[in-house]
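Have a look at these structures, which come just after this line.
Next come two complexes built around chain A: one with chain B, the other with chain C.
Moving on to the complex of A and B:
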């Protein structure tokens, strides 16, 4: 039972799924670090990404062009994010600051409900799966489903791109500056509300990307974003809210704990191990592994 | 709480108003049919949930997204005790309340030291974990098969349940009102307005937040435990996120952070949702839109319409 092969396989699948969870967590933490708000409807942007991917593959591009559908789905979610930010989130900043948290929480919760209900109302409670004709791939000695490997590779590319833009472009500099001081960047002549819009778009696009990538694995249905979003929030607590390396490392950690828990303890409780880790972290290192110093109060 | 503390006159007025309302509702069975009474009973259940959530979110500024999960903890504790050990409701219900309060206490101690947003994240994860657990461990909890719970009364008529939940709602509301008008209540509002300042004035804000979180979780557990013995069949559906969303909708439509808000928001929303059930998901979509529009243009709900009436009423009586 405790063979090396099983350990290696469990490790690989844990890392692979962990990186995808990290995409979700990154979206949450990125929006938070710029806008100081939590978008509770992340799972619904994930859901929209997966529906877009399904529709593109099933009706427009065909399964051979799935790789083309993925950036298009993510871009679609990005555009939708811009609209949502403009229509619903921007007005937060016309309110007194102490009301912002309440407003953001309630509005994004209502948005969650609205999008979920619309998906059920329009497409029914059915499960769809975008056809995937990717073959089984050998990762080292292990056979892996092609769709999972492809999702992993795409996620790595997206993460590299995200990091590159943030680290080396002028716009990335502006984004990082905004996360440090919203007032400070305004004195440097940066349009903070414009930054917000793009940051919100990028954040939800990361969720949409995860949705599109995981569509063949976790299927497409109105509440399919739920589990991944819960993982995303758990990762954010483990890694520390506002920390980008924290999101990545905690994502992989969560993926590993889950897959080892499933393989060696009981697979029925796969989705619970993460929460146990969250409680442990909160009890012993409440700032998270890479938490910002200002986390307390 | 200092010994010299006395409740403000507004407390006595509120108690009178609650008792008068309860007396009016006690007459409802004379005119309402069985189904209407059943819907109202569920409405009272949501009045309790919405009011106790409002205590935490509206008055203290701490968002729990697990209020429905605490109700389920209460319901399942009593249900499982009855199912596996044959424990009667008078043991099961208090056990459910205690367990819900304990979960609140532990979770609160872990996250309430930190910024408010961590409570929301941790409670959200907690609720989903409870949901997953109840579904996964079906041999113990009966999962999606449903856990049958012994009814409180031997009759199937809705009348005894109607009065039970009416009385329960009255007791809870008076209790919450007393809490809000007590020194703890002033601390709560001080924390919501400006936590740093409250701290600088010597309030142990973390302790206040933990206390309020445990109390509101216990009340949710209480409502849930009674609810389980009323509907007779529990399923993990009880922790579906739409339940939490419903509580938020009720509070926002009624009036966030006002005492009256959840009371006048909960029952009407529940009644309208019941009658719009045939439209399924569109029903929820419409309510979500209403909430977005309300939040977008004014954060005051129905309660703001009643506030002037309330003030005029007492101004006339007391000069």
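Moving on to the complex of A and C:
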């Protein structure tokens, strides 16, 4: 029953889904690290990315140019994110109300419901798939859909690119500085609201990218972002809020624990294993594996 | 004070005039609870809704019921969630004052709503929910025009016998529907004997079913029974293809999703070879009601009707006949009439709801078929009929 082949296959499956989970979570943790707010509508940006990918592939570019549709979908979500930030989020930060976090929560929850209802109204409740011409490939002993392998590679490249920009560019320096002290960067003459705008756009574009990459694998429908939000927050708690390496490692950890739990304990409780890990982390390291304890004056 | 008195008098006058309206002028509310958004199966819900809406139009265009009263349809979205279904039932009965609530695609929603219906008194009719519990509890208010778990599984067994399958793997969602069918399959397989059965359960919200399917593959089954509804059903087909389970191992889908026009849009490359349960095929003889509906549906939607739409239409026709026969919209009178009468619906067979034993209580069961796609992009009308099974006569 527990053959070596099944163990290896389960491991590969866990790592691959884990990296994709990490991409989903990265946007949440990035926006939080810059703006100190949680975007509860993150899954809906994933959903928009998947719909854009479907529409581009099905009606404009065709299945052969699926790879071109991916950056276009992510860019589309980025642009939409800029509009959302300008219209709904910026006013909260420009003249901050007393309970800014509460306002941000209410605004993003309302946005979640609005976008989900709009998707159902405009595209109907049915499932779609952009399809894929990529063949099934062997990853070790594990046959995998070409689209899933492509999503995995794209996700790794996107994570590396994101890390590189953040680490080695001037703009990345400004973003990192903002995450450390919003007041500090303002004294250095940096437009912090401009940084917010770009950070929000990049954060939601990461979710949109995940949506576009996974559209042929997990189908396109109005509530497909729900699982993204749930997994994203699990990863943020496990890895530590605001930690990018934490998101990657926690994503892989979550993917592995779910895969092994489903394969070797009981498949009916696949979602429970992740939550058990969350509880364990909260009990022994409440800041997450790579999170930092907040400093209070 | 004088102003308040005036408004009070106006309100009383309005209330009196409303109650004094001739009975014939009042619409009769019919509720419909179906999934119209995920995590339910919105396509299934939409098809039932189409049929029910056309049923309402047909009844009203024919002069209504009780000498001219028209039907008015109130549609509620259950989202496939029991709690949403219960809230919808309460709203329909308390606020919209409906006299009957057909619909119910997901068994867990029907079971939950029936618990409330038995106290509130307005009858329900499950049109595509198959869990035994829906009718086996013998509630006065619970009716059904759909195949029960036992019949569905007996149909699986006919295919298993016909093809000589010995190792059966089930991948089932953890809902009343999924677990009900999986447990019934295990029970019937024991009776048949000589079969090895594997049951793998999964949570409906899980999108990556690779770990579960790897276990199925390791079991080396002769047949995989796909007991997912809506999106999980499609994900199982796709992910089973990826790991090489399909098309090498035959798969049967536990309900009629592959008959829907959407199926080949999602499974252009991996839909061939799939077996699926159906409750109607264009080869099934239709009644006059069924024939006129099929023609009108095809003209309106430019596609052939499938079972969900036929059953939605049929339910409204049955309710209209029951109201006319009872000469009343009173729940108790309607229940009595349904239990004792014979009704016409879409199939060319009489429909009855006797107080029968076990799961056949208040339950009319259509014949169940297993269809087989033998070619890619095959029209479901041309799918091969592998098995046709009729439920034993109710006692």
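The rule is simple: the second predicted complex is superposed on the first by the 289 of 297 C-alpha atoms of A that agree within 3 Å, B and C clash if a C-alpha of one lies under 4 Å from a C-alpha of the other, contacts with A are read in each partner's own complex, and residues count from 1 in each chain.
Everything that follows uses one rule, which is that contacts are C-beta pairs under 8 Å (C-beta built on N, C-alpha and C of every residue); 3 or more make two chains touch, one makes a residue touch a chain.
Source: prediction; values computed, not measured.
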item	value
Chain C versus chain B on the shared chain A, clash or fit after superposition	clash
Which superposed partner A:283 touches (first chain B, second chain C, both, neither)	first
Which superposed partner A:271 touches (first chain B, second chain C, both, neither)	both
Which superposed partner A:120 touches (first chain B, second chain C, both, neither)	both
Touching partner for A:9 - first (chain B), second (chain C), both, neither	second
Contacts of A:226 with chain B and chain C, given as first, second, both or neither	both
Touching partner for A:186 - first (chain B), second (chain C), both, neither	neither
Common interface positions of chain A, toward chain B and toward chain C	120, 226-227, 230, 268-269, 271
Interfacial residue positions of chain B with respect to chain A in the complex	57, 61, 63, 65, 110-111, 113-118, 120-122, 124-126, 128-129, 132-133, 136-137, 192-196, 199, 205, 241-242, 245, 248-249, 252, 256, 280-285, 287-289, 291-292, 295-296, 299
Residues of chain A defined as touching chain C within the complex	1, 3, 5-6, 9-10, 13-14, 17, 120, 124-129, 131, 136, 142-145, 148, 217-219, 221-224, 226-227, 230, 258-260, 262-263, 266-271
Partner chain A, residues of chain C touching it in the complex	36-39, 42-43, 45-46, 174, 200-203, 205-208, 210-212, 214-215, 218, 230-231, 234-235, 238-239, 241-244, 262, 265-266, 268-269
Parts of chain A lying in touch with chain B, wherever the complex brings them together	32, 38, 40, 88, 91, 98-99, 101-103, 105-107, 109-114, 116-118, 120-121, 226-227, 230, 233-234, 236-237, 241, 268-269, 271-272, 274-275, 278-279, 282-283, 286, 295-297
